[in-house]
Amino acid sequence: MDQGMLQQALTHGRRYVRYGKPAGYIPELASKNPSKLGIAVCDMKGNMSAVGDCEDKFTMQSISKVIALILALEQNGFDNVFCKVGLEPTGDAFNSTVRLDHLTDNKPFNPMINAGAIAVTSTIRGATLEERKKVCIEYARRLTGNPELDVDYEVFLSETETGFKNRAIIYLMRSNGIIEGNCEEHLELYFLLCSMACSCRDLAVFAATLANNGVSPITGEQLIQPRTVKLVRSLMVTCGMYDYSGEFAATVGLPSKSGVGGGIISCAIGQYGIATYGPSLDDKGNSIGGLKMLEYLSDSMDLNMF
Amino acid sequence: MDQGMLQQALTHGRRYVRYGKPAGYIPELASKNPSKLGIAVCDMKGNMSAVGDCEDKFTMQSISKVIALILALEQNGFDNVFCKVGLEPTGDAFNSTVRLDHLTDNKPFNPMINAGAIAVTSTIRGATLEERKKVCIEYARRLTGNPELDVDYEVFLSETETGFKNRAIIYLMRSNGIIEGNCEEHLELYFLLCSMACSCRDLAVFAATLANNGVSPITGEQLIQPRTVKLVRSLMVTCGMYDYSGEFAATVGLPSKSGVGGGIISCAIGQYGIATYGPSLDDKGNSIGGLKMLEYLSDSMDLNMF
Amino acid sequence: MDQGMLQQALTHGRRYVRYGKPAGYIPELASKNPSKLGIAVCDMKGNMSAVGDCEDKFTMQSISKVIALILALEQNGFDNVFCKVGLEPTGDAFNSTVRLDHLTDNKPFNPMINAGAIAVTSTIRGATLEERKKVCIEYARRLTGNPELDVDYEVFLSETETGFKNRAIIYLMRSNGIIEGNCEEHLELYFLLCSMACSCRDLAVFAATLANNGVSPITGEQLIQPRTVKLVRSLMVTCGMYDYSGEFAATVGLPSKSGVGGGIISCAIGQYGIATYGPSLDDKGNSIGGLKMLEYLSDSMDLNMF
Amino acid sequence: MDQGMLQQALTHGRRYVRYGKPAGYIPELASKNPSKLGIAVCDMKGNMSAVGDCEDKFTMQSISKVIALILALEQNGFDNVFCKVGLEPTGDAFNSTVRLDHLTDNKPFNPMINAGAIAVTSTIRGATLEERKKVCIEYARRLTGNPELDVDYEVFLSETETGFKNRAIIYLMRSNGIIEGNCEEHLELYFLLCSMACSCRDLAVFAATLANNGVSPITGEQLIQPRTVKLVRSLMVTCGMYDYSGEFAATVGLPSKSGVGGGIISCAIGQYGIATYGPSLDDKGNSIGGLKMLEYLSDSMDLNMF
């Protein structure tokens, strides 16, 4: 993609970063510089364009829910995952637990909310917790094309120590029979996934792999089955941007997933993988500068899929 | 589209009609023959293929929510509509009212649930109720290419007499300040829209107009602004199939809208407008045979947009 | 009761009226002078003590729910009333509708919330609406010992014109089958009951009748069956003070009922009927000065029944 | 109390035990003989009457919530307890968690629901967990007048191992700031309290102590401050019988607390402490035979306090 176009998007996005603030629930996130902003775009041939703070490292947070879902689907098949989690959007805020035990069949609504992602993570296989961790990190490295991708262990520790709400969620699902096995281990794996550190460049490769029907634009390898890709992209549209998903589909129209670490991945199917970073969040938990840059690109380059 | 393909879809769909039943809340719907099934497809040049009970008349019900939304947006602009209704999916069942007064800003979640459609309908303009009715019917005639399209006045009367839940909804919104003016008139207009009688052929033309970016494939006339079309198609994906929308996006992947009258419209963007009819509904309120035919066509012809 | 004791209670209550404000939903209530405060106490022999603004007229509002319930029970028997309404407290705020259609059996929680009182009112019998109105007013006159008690027709008109939330509630119950017949007539009767104008002296007689097991301390007539009185007093304890009922039972310990018109009735069983008036309300909808006076009396005279 | 009267109550209650069943969530409760039924009554002089299975041991379960609350109030004062828990009934079923994080100020509704009792338990002081356990058991022994009262360690183990819902609840409150310190320790203390084994005779003494304003009818010792007793009795009325509390107040009219172990305690203030045992529960979690015996006694002996 044209570097000038990205530069214009960045200039546009910068106007908005002041209206939000970084996530505050752990010190590692709260201390981020809210004026940071970057964007990277990878096309289907692996060409990368990037501007702004595109080398900055940040944790994936909810973006890792997409990786967990893909891995779980590839390991277990659709039926073994969707017996534990639904496919429906909720309309609830990103930090809500209130309707978890509301469903008659007890399943969390979808894999993009915490409850759903925890249920999905619980199905990721491996002989031991360490092996399960290794499988996740290895897969994330292949999807991002970055063999050095790793966990931010300070964030991981903080999440583990303060994740009381997620602990509540997993024990509620344990009582409902959705979760089997060792809850603390599943949680540890979940927090590890959330704490994977990456840059916009890493995520642009991942997004491009999704936009390219599962084939890495770097290696040409089929990393995800096309059927899985389609399902994941549809969930990114209906549930990827917390309770802004509907409005984002209507205004930007790209399968995307946001994380409270400040990242967003976005797919222009068959064209581009896009990743933005900006730790200043709006009140729905989405990067405010990231949203504005994606809006700008979608409008300027007619990327809206609807 | 190939007639043989449609015939196969119909054969496939027929296997499932026995597992549902017609909507029961008014006698006119409850008495429908549940084994009826039809499908019509209109391409971007206006060529129509149709099999099964494609001439049968049925009422639009919630499919008319799409028409009401388009008309309201074209008359009033986006801001004057979306100050009264949101764009987010709910996860709630089609007949739920429970979360209506739950929102801090009081707006119904989206224009595809009853509360949202009633709010949208309240913004449709006209000097008198009769003129507003006329505007709606005229616009529906143009969108379906059927100058004789009209209201089923028996259904309309039944809906008006028994619509206590919708009456509750509008008065709740009146108390919240979302609705202004005469509630009973707005409701009458809403029930009129729901009661418009049509066939699969009519709806296939409407769906094709949506698939063709607002240009009627019959007359070549631009009936809807492209920007409106994009927004409506995104809402059909996130909210069009009640609380099956997420799963429908994941498995069929076409912007669609369902009605408890038994109809479904579906858009293969730039290719086809599809309409199905089958009054046997599943427990989420979607035509069970219609769903299966759309699933079949999407798989066989690779129409899934994700 | 000793006039000096009442005077002390009044002095105590006056310190708090500044911390609340009158109900704002209709102009007739909003315009009340928030510094008004009065209290009247009637003993079992009909002796009345009263201080402060004890002659001021105000509308009963929710206090009339007690009269409606008594009348409905005496006319129809327990079973014909409690098939339409439960006996359980809700924990919800006084102006909430959110859980109305939440119950599996659709009944409103209890007769002291709007939904429940409307359901109860719908069972009050009479050949015509006018006759039902007359029956209510006549019964209220006997219970208060005031043959001139009447409706404040300005308030009544205001309530009728703006009661959209109550209209929503009754139509929801109509759709659920709880309400039968003409909703607008039931609502009119409900608003009429809410709009009955009275003074502390009137209500003290009514409260004394309840404290005296249904026998008017003025006339000696058995106006309410003892079994009905017991049930009503228990409901006043569990549900009488909106979502402050539990704390009120714990701190004051008297069967009581509050109204947003500023009145509270309270029963010291076998001893006193107490009525307070003060239009300045706290955020739960209870008269702030009234609460404080009752707290003072209960403590000073050891009236707490627990 | 007259032994013949108790025998009649027992005969009456026995007719109903077949309509319920024992609590099923742990094997130790599920295996109880549902036809067991007993009742014991202790008057203000310590005279005990008892019939039926009044020597059978069962676990206190939720009845221990009353002991936890009394101990917490006596140790910490009202303000330090009620900053963590409210005083309002909920209307929710006994096993619901859904509204826990619904409250703006995050406090559980009252000390008689699990969330509230866990919050209350977390304030019970002691240098170590073992000391806190000892304090609880010692206090329970004094309240029941049984120096050999002890924990059923099999039930305790079962509760600890399967208490996922309570674990979810405590972590949710930990995330909300209601709970401080070590969640697993608080839970262990909570489960210990639930698992205290007792007979009807033990509980009749405890109920009589409550009926006697905190003075043990056995030893004459003031075990609970009168102010605490009043508050506890009011909460037993508004919240003691799960979501049957309102109806129980209306029909029986005695401050009572029920446990899913099959016990109920009931206070006829200044007259009797009553305890019933019958493991067959109705669908609200109350002993079905116990309810019927209390109904019988209240009617026959005119004990209803309202």
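Note that the chains are named A, B, C and D in the order they appear, and that numbering of residues resets to 1 at the start of each chain.
One rule holds in what follows: a contact is a pair of C-beta atoms (placed from the backbone, for glycine too) under 8 Å apart; a residue touches a chain by one contact, two chains touch by 3 or more.
Note that the structure is predicted; figures quoted are calculated from it, not measured.
Among the remaining chains, none touches subunit A as well as subunit D.
Interface subunit A/subunit B: over half of the residue numbers present appear on both copies, so the contact uses mostly the same residues.
Chain centre most remote from that of subunit B: D (centre = mean of CA atoms). By number of C-beta pairs in contact, C-D leads over the other of C-D and B-C. Distance between chain centres (mean CA atoms), subunit B to subunit D: 54 Å.
Per-chain CA centroids place subunit C at a distance of 32 Å from subunit D. Separating the CA-averaged centres of subunit B and subunit C is a span of 47 Å.
In subunit A, the residues touching two or more other chains are 99.
Shown are all chain pairs that touch, namely A-B, A-D, B-C, C-D.
Of all residues in subunit D, only 86-92, 99, 109-110, 230-231, 233-235, 237-239, 243-247, 249-250, 253, 255, 269, 304-306 touch subunit C in the complex they form. Of all residues in subunit B, only 96-99, 101-102, 164-165, 167-172, 174-175, 183 touch subunit C in the complex they form.
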